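Next up: the structures, one after another.
In what follows, chain A forms one complex with chain B and a second complex with chain C.
Right, the complex of A and B next:
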């Protein structure tokens, strides 16, 4: 019973997750780009890689922009959150072992205790975001179920992964839950709030070109 | 939720009359028409990806002044167009009142918040789209709608009749006889270096600005003209009321009046929104990536005159001045260096406001808010304590003059200094240049 569930989630369902991530992501990018060409021609006419790259370099630098400077706490938490969020699943030893086992590819892994700390950092940052959504009136005012959903989907695999790794509660149950929440991650990145991971780059390049190209001004 | 918190409804006869004529069906149809017909990926992506982090809150002078959640940029979206998108336009007339009040009177479309949003979300674009929907629903504040009506009836903002326009120019020419005996305000001269265009309020009640500009051009030996035909007014309240068709007609008339006269370029007076309408919105509506006739703002043109040595100052403006960077020419068109160069050429000493340049705070008059008239004056006053604080800080450093090369900034700051009791005077560049330049062609005093 357990093995068949485990095989199901790590087999076909994981394929489904990656499939939706890649195909869904591509679909969103292509369909939105063609919509932009059709409807926003007067906006995207100014798009230039030079403008986009300049802007992205500023915005991926902590405190590199006015927005980051004026919100120092969010800046630190956001950078820690996102770096750990992306690096931990990619460089976790156990994940790389799976890639090696199934596809024969591998790359250097993070030491397990470092990955563990990074997981804790993601959870802590997530708790901070949740705290803001309730306590900070400005954020609470604009928060909807979509934001809670995005936060929960994002946190799921980290919480379950942490519990499984430390063998808190039932390991077998946790690991299945971990895989399922991980798949949810992949499923939802192309859509809704989490699509900022893919589409944010586009809106950045666009507004960078709008500012630098049309307005001759910085967008940071 | 939003509706419960929106407790600041202001009575406006234009908004109310429009609302009284609405039905839910009409709202739904119009919202869909605009969302599906006129917007595309931009709006969708902004709506989907805004992570509601609230980082943009601090950007907005309305939020900074009230420190109240419902004034943050993202909250403006959340209480208006965001709901229309989510509900596919299925909202009642009262909700549209709220949308209109927020979009027309609580956002200057100044785009300061873009500097704060990591995802590059353009709240001003969302608010502009909201106004577009309101315009199509016939729900617009009375005063700004009146200027839009004037635009469509007369092609100028102030109901100036064709003969009154020419009369005002002749009058100013005559006024100049005592000071500059051979100064002309050339009309419809073909093929000259530039056509000078102004906004409707100049002939209406700020004619001395035309006099001053003509005196500066005269002193510089410029080869210029003004048009006698409609198209002379470069202002554009239709752009802010959401009447984009009218915006297009206005800009076409403006460009065409320069083309008919075969001038090399257009020089615009010291106005911000008119400039925005030719480099940003009107030109694009007409399908021009740039524009059919080169256009420069006074700030650029005066810089040229000073750099070429065509205008020299007899004395600099005394005392300490500070600079109001108009959103539409600084954050909007990167004329920061030009303005700093000029400010230091014409003023004895400058102290800067903080923040300044492309990070400046709007005067709260821009984006058409001041044109929404008396009912909303206090929205601008209470909503720009941030600017009053900046001005007070500059005052404490000794500044008594505010240099503001924009009509809207003038109107907005004039109200702010009175409201907050700040003892400063506001000047156009033209005021200072005219008053203090070397006048080689003037009658000896």
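Right, the complex of A and C next:
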């Protein structure tokens, strides 16, 4: 019973997760681009890679923009959150061991205790964001169920991964729950709130090209 | 008196020679010193009990001295670390992968036995 559930989630369902992430991601990028070309061709004509790259480099640098200088606490939490969010699952020893055993590919791993601390940082940052959505009136006003859903999907694999690693509660239950929440994480990246991970770059290039190319002003 | 000494000597022999032999036979966990410091808890493994329960008659599914045409070649039981290095410089199987591949593969095929990290590395 347990074996068939474990095989199902780590086999076909994991393939589904990565399949939707890659194909769904490509589909969203291509369809959004062609929609922009059809509806907004005059603006697209002004888009230049140089402007876009320059803007993105500023925006991925902590305190590299006026926006990031405005509220230092949010800036630090946001950067720590996103770096740990992406680096932990990719460089986790247990995940790399699974890639190695199943596909014979491997790359350097973070020490387990470092990954463990990064996991706690993601959970702590998530709690901070949740607290802000409730307490800060301005943020609470623009918050919808979609934001809460995105936050839950994002935190799921980190909470369950932490509990599994430390063998808190039933391990077999927790590891299966972890893989399911991990797959949900992959499934929802191309859609809804989380799609900013792959589509947010478009808006940056668009705004950058308008500011730098047309208004001759910085957009950072 | 003589009887007593003989008995005592016999008892001493049992303690010195036979008991340690029993202890050595009884592998109850795998905690390979080749890894030096372990990152994960040692793995409970009752050698004889495991093989009996799993219905493994021979020693070959595990003990080998090499490979030919993708099949293990039977060999005397020896420490895995005698042949599998922790960090080999060539493309031979490293010690951690040797354990994982052997243990997990069979459990997957049999649909029995532990397959996820924490089921073997029990805290």
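Quick note on the criterion: the second predicted complex is superposed on the first by the 220 of 220 C-alpha atoms of A that agree within 3 Å, B and C clash if a C-alpha of one lies under 4 Å from a C-alpha of the other, contacts with A are read in each partner's own complex, and residues count from 1 in each chain.
Note that in this section contacts are C-beta pairs under 8 Å (C-beta built on N, C-alpha and C of every residue); 3 or more make two chains touch, one makes a residue touch a chain.
No experiment lies behind these values; they were computed from the predicted model shown.
Visitor: Going by the contact rule set out at the top, does A:171 touch chain B (first), chain C (second), both, or neither?
Guide: second
Visitor: Once the structures are superposed on A, label A:135 by its partner contacts, choosing first (chain B), second (chain C), both or neither.
Guide: Once the two structures are laid over each other on A, A:135 reaches no partner at all.
Visitor: Of the partners chain B and chain C, which touch A:105 in the superposed model: first, second, both, neither?
Guide: The answer is neither, since A:105 touches no partner chain.
Visitor: One more residue to check, A:150. First (chain B), second (chain C), both or neither?
Guide: A:150 contacts chain B only, not chain C.
Visitor: Which of the two, chain B or chain C, is in touch with more residues of chain A?
Guide: Greater contact footprint in residues on chain A: B.
Visitor: Does chain B (first) or chain C (second) touch A:199, or do both, or does neither?
Guide: first
Visitor: Return the residues of chain A at which the contacts from chain B and from chain C coincide.
Guide: In chain A, no position sits in both the chain B and chain C interfaces.
Visitor: Chain C touches which residues of chain A in the complex?
Guide: For chain A paired with chain C, touching residues are 3-4, 6-7, 93-94, 97, 100-101, 111-112, 164-167, 171-172, 175.
Visitor: Per the contact definition, I'd like the list of chain C residues that touch chain A in the complex.
Guide: 39, 96-97, 100-101, 104, 108, 111-112, 115-119, 122-123
Visitor: Quick check: in the complex, which residue numbers of chain A touch chain B?
Guide: Of all residues in chain A, those touching chain B are 32-33, 35-36, 38-40, 42-43, 45-46, 55, 59, 65-68, 70-71, 74, 78, 132, 136-144, 147, 150, 191-193, 195-196, 199-200, 202-204, 206-208, 210-211, 214-220.
Visitor: Which positions of chain B touch chain A when the two form their complex?
Guide: 5, 38-42, 44-46, 48-59, 63, 69-70, 72, 74-75, 78, 114-122, 279-280, 284-285, 287, 289, 330-335, 355, 358-359
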